[in-house]
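The structures come next, written out as structure tokens.
Presented sequentially are two complexes of chain A, the first with chain B as partner and the second with chain C.
On to the complex of A and B.
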């Protein structure tokens, strides 16, 4: 190894490593606690002192996916033996499964709206970004600034007229309405990020293709798109995470058919108060995909965050 | 249209390059291009985006401005709408509740930015010492900011429970206080801080990442030169590191500032504005006026005031930022 005056000593590295790891471990406590709580029984979850060691139970997950009704001991005794583990858990609490809960529907809504709006914002965003990057567009800078400044509005401020507008158009509480709304919010970031990626692709490639007789559209499709694939993918992840996590619009504009998981999870109620293991189970299922995504795609994601912010 | 062909392409991508490239398709080539003209394609490509933004962002904004001059109530559609001029704005500026909510927002903004800058910069500085495995630990620290604030915020209310909550337990474990003697979310003194803690936990990583980008942009040779000049480490830190990271740090503050001014989801889940109205920040107040009291005209005026405030503050700030960059 070559000697450099700016090379940090191993002692400094050791100290800074320890401090950072300590912070990282502390920061993980709430997330680990969510996952631990999801495997507790309701009494275990609210015991004092908080239980670190406990017998894992799937009661939280069962409660998350089902609705239950309390029955009298006589009826319970007269029932045939439970068919599966879920029923057994529920019967131990003197209850029977009445039907499925709304959770899987809400989760599916999150998936549909998340992927729908991501696809739309990346699709429209790529086209717009290409145009901004390659063509002379009158007032391009003003347009770009305008696109970006739409992000400064508090969501509630836009929610009032959108609420009225959607009611008139029949879009309130529909998947399409939410997809369009999230696309409009995301597209500013998408155009901004994608323009950066496309700017980096040398123009000469397309020109060569144009001379070879490609149309402009073919050149875009066959030359630029493959080159921008990584950029498009990381932009898509940002759009997806935003739509997945969004709460303000979801809680104001949806109530039933198109409600996503974030407004739903906090409202899960058990017997005599909030059912924390069930809430934790819902949170775990909802947060885990994003966490796995983040760890797996960390290089692109971390670059994307700084890139998007610093380019301004 | 400029038709000069420039020899440089990918090698030197300066700010001007993009503009130059935009006009640089040589006439010779342009004449041979088949299919639609560039101009047509440009509009086809940009059109849908502009249309969507006009329909879902700009049209509602104009509508809000219009509503802000009326006494419209969205839950009473049959009532005749009257234009009442600037009366909504006058009432807002004289409303003590609004000023209290602005104060709550300012408190939240100041302290979250303070802690996030302090911790975020320190972490970035430590990570930049490039110890083994630093990128994995960076990813772990980043996790909270990727998650849904509503879902995570909701779970924090569980951690904050007096008696059974993990947060209270840990605090009492280290301080020896009685676990049921304090209530993070229920007490007027502590509730604003409980929100600051969660926001700091969640968004410090963002400031950290931007600072890290700043630290990594400082070339080694500057430190080497300082070393040759026998500048002390402390002096290097204050004359090289801090000034060179400052533009990045200010940018991070701008983004967090705008986001936290709009803060809604975390607070709704944690305190819902309570106890009383000590944590009723601008967005919460706005939601209450608009969707609970249904004073649509009044809340539209408030929304416009908020938007203008953010926009104005951000513009002033960006000017300051550019000055720092120029140095």
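On to the complex of A and C.
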């Protein structure tokens, strides 16, 4: 038996591994349940006791993307054979597809607003963070504190002033309005996070570039940005997750053209009874973009979290 | 390299402070065409600030920098046509060695053609013996290779002056010795003007055509390394050069000293054995090529070099007498002085 201070024993590793896996399983149960529900038929989704093993169906997804009307059996019989699987599923419930639902439009709104505000937050945040990190700005500390203070109360606390302001400015229910709002909420996080990352990049790199014949902006673009990529990636993920999941302002300020997916998905409940598979299908699809984005930037994110903690 | 772009750099009454911290005070210096000037001084003496003032990375509070007679005060670092080698962090970590070397050539100021970039990068890489590493990422190099590349990044250009900020200080002793010789060779090949900052007296002695000694932001003496070593104008300057360090002792410690000086400076070669007054050998340091004696003389510690063969054992007594020591007044300034 050898004991090492720095290397954990296999027993400790085994126990901690079990703990982490157990925790991961517990936290993933709701997610897995939502995904499972999205592939159930409506009767299966509300059966008691709950079904863990069932025959998967795409009915939830079909219902999510379509609106349907009930027709009499005679009419149903007189129809030509169904053209695709979606029509077949719907007709099994004595209905026909009346048209597309609003889901894809709402989902697209989420994409535009989520990624738009993320881009804007990170773009402005990087420039501001660079300025705070490198230049002598009068009252820099006070300004930074002011920027941070915008997050010291829950944003929803100012919902009413923002609602009134947006109505006056004609920003209610517009993509631009929501992008600006989420950017305003995210920018303080972006500035603070990115300032930390840029502070870690030695000035010598830019100074070398300045002497090598580049302008300040070119030095920023060619030398600082590539090295801040890690910080920018992790900041972007945080911003996107917030903007993507935001519900309260979306309910308050959007209703039609700019409505995002979070306030839309629950409205499915009202349309044709409690259509749990359709809701679950909406939630599942809604998870995907953030998941893909995070997985794509995974390497940067992990490095980003530990970045700055360890000095090389 | 076919060079003709060498320049004279002149500093006129240059001053710079950071808040309350005075970095450079009223500095005047002329760096001649083609000379290798080393600024020597401890940390905080203003060496690096002087370099940064010349490069344009800092703006002077007062005074001017002239490059080839041209006042460059309002010019950006890029316009000043200087190349700089930094102490650390000098390579762009996201670029390959080749791209690092090509970086200055691709700048909007130089806009070098592709074939010319290729030619120059290859040439410099050969000169610095890093050709086989050109496609490596900058972060995959050893410390010595990194510093060679960053010197190379200065060499690919044809600047008016090369500025080097302790480029060897982060390297191990052997590499330092190798690169010292290499730098000296490059300088004599290029014939360019070079300003080099260090706190290492060996670098100053071996490479410089001129040494400027800095103390608290002031240039206290400027001259050839020999002059600075043999004829220092203060205790401070005398202590900068020489290994083992000069011994500073009260002048009246020896019976035979002139009375107009407050202290005397004894370099090892200023000590004659076998005559004068007795000292006790406290410690003997064998360094291979030389043997150092640590003596106790009337309660004062003296470091000296032992004659060949080291006839002195620890605890023994040896007679010593100063020979042509340097004399300083109470303020530490050099005064004429002699031994009777």
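By definition in this document, the second predicted complex is superposed on the first by the 279 of 312 C-alpha atoms of A that agree within 3 Å, B and C clash if a C-alpha of one lies under 4 Å from a C-alpha of the other, contacts with A are read in each partner's own complex, and residues count from 1 in each chain.
Keep in mind that, in the parts below, contacts are C-beta pairs under 8 Å (C-beta built on N, C-alpha and C of every residue); 3 or more make two chains touch, one makes a residue touch a chain.
Since this is a predicted model, take the numbers as computed values, not measurements.
Asks: Is the number of chain A residues in contact higher for chain B or for chain C?
Replies: Higher number of touched chain A residues: B.
Asks: Give one of first, second, both or neither to describe whether A:215 is in contact with chain B, with chain C, with both, or with none.
Replies: In the superposition, A:215 touches chain B and chain C alike.
Asks: Going by the contact rule set out at the top, does A:78 touch chain B (first), chain C (second), both, or neither?
Replies: Neither partner.
Asks: Report for A:207: first if it touches chain B alone, second if chain C alone, otherwise both or neither.
Replies: both
Asks: Using the superposition on chain A described above, determine whether A:20 touches chain B (first), chain C (second), both, or neither.
Replies: A:20 contacts chain B only, not chain C.
Asks: Please report the chain A residues shared by its interface with chain B and its interface with chain C.
Replies: Touching chain B and chain C on chain A: residues 202, 204, 207, 210-211, 213-215, 218.
Asks: Could you please specify the touching residues of chain A with respect to chain C in the complex?
Replies: 202, 204-205, 207-215, 218, 223, 226-227
Asks: Within their complex, state which residues of chain A touch chain B.
Replies: 4-6, 8, 12-14, 16-17, 19-21, 23-24, 27-31, 33-34, 37, 46-50, 124-125, 127-128, 130-137, 140, 143, 146-147, 149-165, 180-181, 183-184, 187-188, 191, 199-200, 202-204, 207, 210-211, 213-218, 220, 241, 244-245, 247-248, 251-252, 261-263, 265-266, 274, 276, 279-280, 282-283, 286-287, 290-291, 293-295, 298, 301-302, 305-306, 309-310, 312
Asks: Which residues of chain B touch chain A in their complex?
Replies: Its residues touching chain A are 1, 9-10, 13, 18, 21-26, 29, 32-36, 38-39, 41-46, 48-50, 52-53, 55-61, 63-64, 67, 74, 119, 123, 126-127, 129-135, 137-144, 146-152, 154-156, 158-159, 161, 163-166, 169, 179, 201, 206, 209-210, 212-213, 220, 223-224, 227-228, 248, 251-252, 255, 258, 261-262, 264-265, 268-269, 282-283, 286-287, 290-291, 296, 299-300, 303-304, 306-307, 310-311, 314.
Asks: Quick check on the complex: what are the chain C residues that touch chain A?
Replies: Per the touch definition, chain C meets chain A at residues 55-57, 76-78, 82-84, 86, 88-90, 92-94, 103-104, 107-110, 153, 157.
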